[in-house]
Structure formats: C-alpha cells, structure tokens
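Below: one structure in structure tokens.
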Amino acid sequence: MRWAAGYFFVAPALLLIAVFFVFPVFSAFLLSFTDFDIYSLGNIEYLRFVGIDNYINLFGNSRFWTALGNTFYFVAVGGPLSVLVSLGAALLINSKLVRLKTLFRTVYFLPVVTTLVAVAVMWRYLYHPRYGLLNFALSGIGIEPIDWLGDPFWAMPAIILMAAWKNFGYNMIIFLAGLQSIPDSLYEAARVDGANRWHQFRYVTLPMLAPTFLFVGIITMIGYFQLFAEPYVMTQGGPSNATLSVVLFMYEEGFRWWNLGNAAAIAFVLFVIILAVTLLQLRLQRER
Amino acid sequence: MIQPTIRSICFALLILLCGCDGEIKDKVTIDFWAFGREGEAVQELVRDFEAEHPHIRVRVQQIPWSAAHEKLLTAYAGDAMPDLFQLGNTWLPEFVALGAVAEFGPWVRDDPDIDDDTFFAGVAATNVIDGVVYGLPWYVDTRLVFYRSDMLEKAGFKTFPGTWSAWREVMERVKESVGPDKYAIFLPVEDWTIPTILAMQQGASLLADEDRYGAFDDPRFREAFDFYLGLFRDGLAPSSGGSQVANLYQEFSNGYFAMFVSGPWNIGELKHRLPGKEHLWATAPMPAPDGAAAKGGGVDGATPGVSLAGGASLAIHDGSEHKDEAWLLIRYLSGTEQQERFHHLTGNLPARKDSWIASGLDKEPRTRAFWRQLQQMAPTPPIPEWERIARTIGRYTEATVRNTMTVDEALASLDEDVDRMLEKRRWLLARDQ
Amino acid sequence: MDRVVRLVIYALLFLGLVVTATPLLWMVSASFMGSGEASTYPPRLLPSAATLDHYVALFSRLNLGRYAFNSALLATAITLVSLFLNSMAGYAFAKLRFTGRDRIFKALLAALVIPVQVTMLPLFLMLKQMGLVNTYWGVLIPGMANIFGIFLIRQYALSIPDSLLDAARIDGASEFRIYWSLVLPLCKPILVTLALFTFMGAWNDFMWPLIVLTDDSMYTLPVALANLLGEHVLDTELMMAGSVLTILPVTMLFIVLQRSYVEGIMMGSLKD
Amino acid sequence: MASVDFEHIDKIYPGGTQAVFDFNLTVADGEALALVGPSGCGKSTLLRLLAGLETATRGTLRIGGQAVNDQPPQRRNVAMVFQDYALYPHMSVRENLGFPLRMQGVLKDEIRRRVDETAELLGLKHLLERKPRQLSGGQRQRVAMGRAVVRQPSVFLMDEPLSNVDAKLRVQIRTEIAALQERLDTTTIYVTHDQVEAMTLGDRVMVLRDGVVQQVASPQKLYDRPANAFVATFLGNPGMNIVATSFAEDENGNAELDLRGQRLPLPATVGRDLHSAKGQGAFIGVRPEALLLTEPGEDSLSLPITVSSVESLGHEQLVYCRLPDPEQPEARALDEAMSDFDATPGQLVARLPATPVCHVGTQLRLAVESWRVHVFDVDGVCRCHGLGASAVPAEVQ
C-alpha cells in the first residue's frame, strides 16, 4: 500500500522525464544513424539509414574540428579563468577584515541572474572597436583599440571575458559556502602551530576546498561545453568561425539547415566528450 | 492560507494557456509573415485591405531578415507555416521542393491585371519553376553601388565608371584622397552577393551538371574572386568586417568610406537617416567586366553588368485553409496603386513596371540606376540548397579576405563542401529518374 | 600589517565592484540616451538629456508588453507545475519506500551529465507530431519535470523526521494529505529557492523557446530581444532599453529574495 | 478501549534483517505494558507494527479482538507519542491537537471543544496559539501527549516519550503520565530503553532482546526473579554482578558450585538435573546491594576482592572490585562468554554505605547472603534463586 504511494508520487515526474528526456536521448542516438533532413520532414520516404556516415563526415568536416577546437579553447581558458576569479572573489569577501559582505556578494552575483541574451546584446556594444567602453578604458592606459568581435584572434577571448563576467558570481557563492564550512578551529590550530597566512591558505584552505573545487570544476565544465547563446547573439559564430561552438554548430545543422541526422551525431559527440571529461575529473580527484 | 491562492493561480494559468488562441467566429484570420522593414510598413496597407474586406482579418508578423530563412524552415518543420508569406525569391525553389508552396496557376491565368509584361522579366522568372507559377513578385531588389558623389568629385570623378578597370581606378584615387584612416568602399567580409555577382558577370555558372556539383574551380569564378579580394588586399576596403561599422549610415555620412554595394531599401534609409544630405550621395549600376567575354552585361560600360535578380515574392502556404483570402491580399498588394504606396513607405522598388512609370521612378536619378540595372539581371541556381551554398561562399570569402586560406584552398574546399551538400539532391534526382 | 592587507583587499573588492557593475549601469544609462548618442567618441557615460523615447517605442511599436507577458506567463507556469511535480518526486525519493527507488534515483543523477541539446532534435519532432510546436505547451512541457529540482527537494526532505510523517499517518492523514499539508509547508525554504531557480531559468531560457516558437505573438523576451537585434542592430540605445526591460524583472526578484537564492545554491552544492 | 494481541508475529525487513521472531503477547484492556530492551532489540518495530506503520511478515495482530493486519494506520484508532514528539512545526498547538480530529472529519465546533478540554486536562490552555518551536521541552512533550489523548484512541502507543526530556523533568512527567493512564484507563504500550521508566509505568514489563522476549512480569518480580542473566544485568543500575564458576559435586554426590575454591551447595531440586553438568561452567549473580562489608554469617558466602575504583555518590559509594583470577582454564573461557550479557569478567560492583570509605588497592572480603544469590547455567538461563536451604527453583520460561 505504501509502495503504491511511492509510485504515485514519482510517477508524474518520472513519466515526463521518460517521455521528454530519456526517450528523446535514445531517439537522438537512432537519428544520428540516418540522414534525416528537410526532405525527410516533407516525405519520410526520403529518409535513408546511413550507418556511421554522419560521424565519418563529421570527422572529415573542418568546420566541426574548428567548432570543437573553439569549444575546448573556451572550456580550457574560460573555465579555469572563471573558477579562479570566483575563488579570488570568495576569498576576498570571506576575509575577516571586510565589512559590507552582503553588498559585495549581491553585486558580484548580479550578472548571474541577468538574462544571457540581454547581456550579450549589451556586451556587443561594450566591445565596439571605436565607440565601446572597453576600448575607451584601455586607451586610458595606452592600449590601441582592439576589434574585439571582428578580429578572429580576439573574438573568443572577448566571449570568454564576457562569460567570466557573467558566471563568476555563481561559483563564488559555492566557494563561499565551502570556505564557511571550514571550522575556525583548524585555522587556530594552524596558527598555534606557527603557520603564516600563506601556509594557512596552502595547508588548510586549499585541501579543505578540494571537494568544492571538484564540484565547481565539473559543473562549470559541463556548462561551458554547452556554449551557445553568447556566440549566437554576439557573433553568429564568426568572424571566420572563430567563435563557432559545438552547440552552435549543432544548432545550425539541426535548426537552420534541418539536417537532423548530422545534428544528432554532433550532439552525441558532445555528450561523449562531456562524459569523458567528467569521468576524468572524478578520476583525477580520487587519485589525489 | 496560501493554498487557495496557488490553486487559483494555477486555474487562471490553465485558462490562459488554453484560451489564448480564441478566434472570432465568422471572421477569417490569415497569418502573414513579412520581413524587416516591410513587415512594419505593410501593416498600413493591410489595414486598408481589411477595411475593404471586412470578413478578413490579417495578422502580420514581422521577422528580421537575418532570421527569416531559418524561421520559415522551422515553421515548415514544425507545421506552423503562416497562410501567406514573403519570400526571398532565391528561396522559392527550396520551399517548392518541400511542397510548402501553393501553385498560382489558375489565379494568375485568370487575372486580367497580370500578363507577361507586368513585372520585370528577370524577377518574374524566379517565381516560375518547371513552368509552374508559385509566387508573385512583391518588390524587386538588386545590388548596385551607392556612393558619395562629393568624395568622388574630390578625387576627380564626375560620373560613376562602367567597367571594372575604371571602377578600380576610381577607388584607388578616392583612397589616395581620403588618407589612411578612411576607405574607398565598404564590403562586408562575409558577404556572398558581391563575389557571386562579379562571377556571374564573368559568365561563371556556379554549379555544374544540372546543379549536381559545385563549379567554383571555373577560371571565370576565380577571376571575379581575385578582383574582389584585390579590393581588400590593396587597402581599398577595410578588411576587419562589419563590426567596425556600428552604424552604416552614420559612417557613410562621416565619409569613413565612399561606396558600398547594396539594395534599393537603402535609398529610403539614407533619406530617412541622413536628412539634409541628399545631395551628397548617388547610386550607380554595377560596372561590367572589361572586354567582350562578359555574359549579359554590356561592353565596356555601355550597359550595366548583370546583378542578382533579387527581391521578394509573396507565396501561399500549400496547407493553408484560407488560400482564396490570401490570394486576395496578394492581388491587393501587387496592384499598381498599392505598389506605389509601398514604395513610398519603404523605399522598396515596385515589381510592377507600370508603378515605376506612374510614379516617375524610372526618371528619378537615384532609382534610374536601378531601372537600368533591373534590365540586366541573372538568377541564382534554382535549387533548394542554394541558400546554404550562398552562405558557404560567404564564409570562404571571409576566410580568404582574412588570409586564413589561400584562394586555391578556399575554392577547392568550397567545391568539396558544396558537393557534399548536393549529395542528397543527386540521390533524389537519380531515384526519380 | 593588517591595515595594509585590509587596504589591498578593499581596493580589489571595489575594483571588482566597478568591473561587475559598470556594464549594467552603462546599459541603463545608454537606454536613456538619444538616438546615436551611444555611438560617439569618446563614449558617453551619461545621457546629455535623458529620454524615454526608446522605452515608449518598445511598448508602443515593438510589442514588448506582449513579450513580457509571455515570459511572465511561461516562467510562472513552468515554476508552478515543476515545483509541484518535482516536490512530489523529491519527497518520495527521500521518504517513501518502493522497489527500485535508489536505483532509479542513481540513474536520474547519472542522466544529469547528458547535455540537453541531445534531446532537442527528437523532442522537436515529437512535439511536431503532437501538434505542440509553436504553442505555449511546447515551451512548457519539457520544463515541467527537472532532475536537478528533484535532487534538491530530496536532499532537503531527507531532513524531515520520519516520526512526523508517521504521526500524521496515525492521525489519519492520507499520503497525499501528508505531502500537501505537512511536507510542502516543511519544505518551504527549499521550495522558495527552487521556485526562484526555476523562474529565473525559465525567464532567461533562450535556445528552446527560440526553436519551438515561430509565432512572434508567443515570443519570450530573450527571443524577442535577439529578434530585435536582427532588425535594430544599429539602434544601440533602443537595444539597451530592451535589454534593461528583459533583465529588470529577474534582477528585482533576485535582489528581494537573494538570501534564499544564495542559500539554495549552497544547499545544492554542498549536500552532494 | 481494547485489548491487544500479537500472535506469532515475524517481521523481516526488505533488506533481510529479521527484527521480530515469533512474537506472542496479550495486553489486557486497560493494562499498561512497558516494553524495555537495549536499542535495536525490536521494541520500536513492535509499536510500529501495531500502529500500522509496518506490516507484519507473518502472524496476526488484533486490537479489541479484531485482526488489523490489513488496516491502514488511520483505521486502527491507535494514538502514538513519538520520541521526538513529532509536532507539526508549522501548526500552532491548537492546530496540532486538532489535526487528528480534522482528519477524522470531526466538525469544527466539536474540534474546538475537545481541544480545549484536552488542553485543560494537560494544562496547555495558555499555550494553544504558540508554535512548537516556542515551547520548552516539557511543554512539547505535553502537547504530544495531548495530541494522543484528544482523539480518545483505543490504544496508546508511546515510543520513548521521555528520552528527550532532561532528567529532572523526567521524573515529574513520568508521574503525570502514570496518573493520566490511571485516569483514562486506556490500554497503553510504552516503549523505553530506560528500566526505571519501565518499572514505574508498566503494570507489567516485558524485556526484549534481539527480537525475542526474555521475560514478561510485574516490575518487582522482574527485579527479584530474573529469568535469565540478560534480564538480570539489564535491570537495575548498576545491573546484577555476574561471576563465572563451575558445577561440582561434594563427597555425597550433591551438586554444588565451585567458586574460587569455595564450595556453594545447591538445593537438591535444582541439583538433580544438573548432575550431568558436573564440571561445566555456570554463573552466579549478585545484585550490588546484596554485597555487604560484614563478616560472612553462616548462611552466606564470602568473596575475596581487591578494590579497583570507587565512585562516591554522597549517600553511598559504588565500589568496583576484582576477584582473583580463576585457576581453571575452562572458567576463564566462561569469562569470555560473559560479554554476552554486558559483564566484565572478574569485576564486581558493590553498593555500600558511604562509610567506611574504601580505598583503591585495599583487599577486602565481601559477604553475600546465600538467598540473594542467583544461579545461571552456561546459557544464561536462571536455574535457581538463592543457595542451599533458601533456594527457590526458577520458573522455566
């Protein structure tokens, strides 16, 4: 009887998840072995089973590699950057010497709750090579104007910078929680043992934050691999594909050109990469 | 305490979610998608139409040009097509191939107001596929040159040149006179239209073998491409892309560049945005390649080089339940008088020749360039994949402009990519034979 | 020594404050500038004469009110429905016994690694089959149940003493009654947090509404804003006004309820 | 009001652990039964079975003669007081008390009346509008009682209701509960791990261990005549001392015990069936208060000990002492078996008057009157209470 109650409670949510999440995941897997495209949408007879051709074509497509490279660039540079900025902000705010903690915390967090599309629109203008605030500020310290979004070299750094600005507050909060969960007595013990500030940070704070680091690392990485709205709004993947991300590439294949088979293959490759990197991170953590 | 509130909110939401599509019974509502400025301007015409046809209500949805193609395909994929929609006429083959567009045959045949000479021939032709009419031209669009007549004059030119070599020379002179921070011409780096126009002027066919394969290794395409790239290489055009130019009109007015290649809507925009500066700018048809080898275009500037047979058509969704009403609206919008009004609202050029003559557009200096250009038009290949191919051309153009690829690499990759895109087309053609 | 350290810390913190807040403040400021004023050199920080023109244009010409309504409607509906379903499931995973409970829960957690983009393509085709593309339901349905929400509720519900539930059972309450009159009020802190999370997520969501909605009368604010950018990319000040309006409601909500939001993040991260 | 019957109840949890083995018990109408045992002995499981929070794997449960196995909790008309009180934190005291009535569909006015009545009875009137977190521990406890009382159930179930109250208050509430039970005369099953509570509140006390009943009896009998070494050591504070010995025979063939060389004669009635056990180990049990610092009389035995520690409690002292190590290896092996009932081999506790003060290291002799010695066999089963002439054979359970 109580068992029935359990099923009754989980059934609606599980049913929805099964139908609108699990089933699509499996369908996507099947889809990636077909050439489902706009023709097939019109007439299902035009659908062909193509085996792993989609994957083979993908690996032979230079745009895919570009997208993959860009995405890794974004994750590898943007991820650590945003995590480090978060850690720095958390350490500063958590300092015993600081008052107005709530003010700093709230303002630092503000970009997180803002709508990505809106801030991306805004940053487009901040990045304007001639009229943008950023170049103006840089000119103040003697740096020549940079064509942030128009120069293939700078476009990805520009996106990374914006993403770091937008996201660091979230991880900062998690780090703050981690920092606050370290008991004061540990620091006191360390001080009694003669540790200076750096030693305390190195031998108490950092090791105690290790689980937080792992968590932050994984969620940031998973989120960053799914880069989409920033380049979609700011650069449409340009210039010269410099900001084309895997998800944007998938979106283009799938929802601009309606090559759903191809797009499903891209999505799956992304999935495998995310899974692999997550497992790798867990593994590294365990070995330590 | 709080529960009743939550419950009533839920209830209200349910009603909202279910009840939002309520329609008034005895009125027919047709959905009409129009793009960009047209979408805004057409509302006024539609109100008059509704007044004339009280039983029809028209819901106009305005879609930005940059998202229009994507939105139409998404709507098709999601079974959410409007009854009536505007369509870039290079897209028509795609939607015909998908079976998304209704045939116009009987309506057009029985209409006393429409005959073979009503519209510009080059544009009308883009609406006919395999002899069947699928759309009616709404306005015409082609690309030609906008230029700052004062800047050209300062560099020593009173008229706009008619050949590539003369054009090049003008640009060089202008560049000399404006100095290092300004440019002779502005060309968007990821644009496909200008290289394609230049290539078509050279007589390149773009695709080969009944449009089964790319033909970008054609030397004529190569020649056009080289000419185009030369403008960047030699510093005549800024190679940093559109982002430098926050506001095209402002920069044009500042003299950041002296020319740009664009469509007729910019006549209206420039008038609107640069009030009091009408005397500073003018339009000219595309120059033609030198020598007699050129296709279509006149020899050495006598007549313009060909340009894209662009423009927008109006088409009806094949699955629409209100085709007759939609046709009424199309007929209304392509009437002589409405075409004129539409021109005044948007600056877009009427597709009907009689509207041109009635409003004197063929005489007015700025539009006269278009009148001349419109006689010299060439269509892009009428295949569904064209839009995607066009964007790919744009991408490789950008890659070469930015020097990340050599011309040889770019053209080879372009051919390769296009061949891959056409694989399904080849399969379908083979299958249906 | 401490004074120097304190000075350095404050300097860094205020630098951070400037870097974080400036873009947002500039956006607000630019939205009040006259047309073209934001594209001048040197850049202006404040409007020479504040104008509401762009806001008026957004509401009168560009239908922004409608998009705001859509966003509010969808975000509210998603929040209420998902809160209801997720809390039921989360509670059951924490407190009710049934075969396979732990295995199902582990499977759900593992599924968190699957990027949502994988599901989008088939989901679109499914919704098309069901005739739900281009409807509010199309946006709503995939957001109705959410694994992270279930997880968060479960973690919190674990702390409810079993004896409380048993007491209610003995007192004669039905299982649903226990959930509705006992568990829900007890989970109020986490429900508020999750409601905020969900509401903001739904409000800020971009990719899915972009895909599933074609009719502009149903656009949400972010989609409408991206759309507007395609059309009015040159009108910096207008776009800034649109951005301000898109960001404003969630920002206000956050500032009012920031405490429970921040606590929620901590809860979601630490009780792993 | 109703009697309660457990008939051959087994409870096996899904994980495979068996909490209750073939459990049988009848609680008479109006009786107060205290269930006592160490944690994990299955006593809470029994309550939860009765409440309907768990289902029995086997056997029949009756309330008022009616089988209730398949009845959900709300149909059994039992009320339960939980260890942590389980007050609904978001409801006021009034709402807490009224909740069970509301669930029964009692009309609003009637709920009001009965809640007021109960509040009056328990002295909660002035607290009715408060939330549980605004109450002290004792007040919460009383509200929990009130919630059970208000619905006039046929059985009260109390699951360690006093374990969260501080020691001083506990005594007071204990008497209140006893008085309340007396007054309402409702069948009550009271689970506790505290023997004092069990002894004071139960008409009968049941000692449970690992899901198996050890003994059911009145409090006094349980103390005086424990059925086995477990019950003996579990009840009393400190519990009964257990000392390993072995069976022997005197020259006449009479059974006796051999305790570090002292010969303890066993009564013939007991001795007879122990003949076969000759040479086997056995235990004797002595309550701490039975150990006396006097010269052994003729009907008492004497234990040579060394004082190892002293706890002075003011009015008395608890003296922990060691017996000399046994010589026989088998007795040493027996020592190890003692950990089974929580006794340290060779250690004794004596409850002695505050004077004379004992000192650590002193060697003493303690005397025990032989009627106060209990004899247990190697399995811990009690064979007789008292030695020699005063001996009484134990009832075999």
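Should a chain be cited, it is by its letter among A, B, C and D, assigned in written order, with residues numbered from 1 in that chain.
Simple rule for what comes next: a residue touches a chain if its C-beta (ideal position, glycine included) is under 8 Å from a C-beta of that chain, and two chains touch if they have at least 3 such contacts.
Predicted, not measured: the structure shown is a model, and the values here were computed from it.
The central chain here, found by comparing per-chain C-alpha centres with the mean of all protein C-alpha atoms, is C. Distances between chain centres, each the mean of the C-alpha atoms, put D farthest from chain C. For the pair chain B and chain C, the distance between C-alpha centroids works out to 38 Å. The geometric centre of chain C is 57 Å away from that of chain D, both derived from CA atoms. Remark: chain B and chain D have CA centroids separated by 93 Å (rounded to whole angstrom). Distance between chain centres (mean CA atoms), chain A to chain D: 61 Å.
Within chain C, residues 39, 97, 124, 211, 229, 236 each touch two or more of the remaining chains. The set of chain D residues touching two or more other chains comprises 72. Each of the following residues of chain B touches two or more other chains: 74, 77, 246. Each chain pair that touches appears in this list: A-B, A-C, B-C, C-D.
The touching residues of chain A, when paired with chain C in their complex, are 2-3, 5-10, 12-14, 16-17, 20-25, 27-28, 31, 88-89, 92-93, 95, 97-98, 104-111, 113-119, 121-126, 128, 130-133, 136, 165, 169-170, 173-174, 176-178, 181, 211-212, 215-216, 222, 225-226, 228-229, 232-233, 247, 250-251, 254-255, 260, 263-264, 267-268, 270-271, 274-275, 278. Taken in their complex, chain B has these residues touching chain C: 3, 6, 9-10, 13, 16-17, 20, 31, 36, 40, 59, 61-67, 71, 74-75, 77-80, 246-250. On chain B, the positions that touch chain A within their shared complex are 69-70, 73-74, 76-77, 97-100, 189-190, 240-244, 246, 384, 388, 395, 398-399, 402, 404, 413, 420, 424, 427-428. Against chain B, the residues of chain A that register as touching in their complex are 35, 37-39, 41-43, 46, 48, 57, 62, 125, 127-131, 147-152, 238-241, 255-258. Chain C makes touch with chain B in their complex at residues 36, 39, 61, 73, 76-77, 80, 124, 127-128, 131, 133-134, 136-137, 140, 180, 211-212, 214-217, 227-231, 234, 236.
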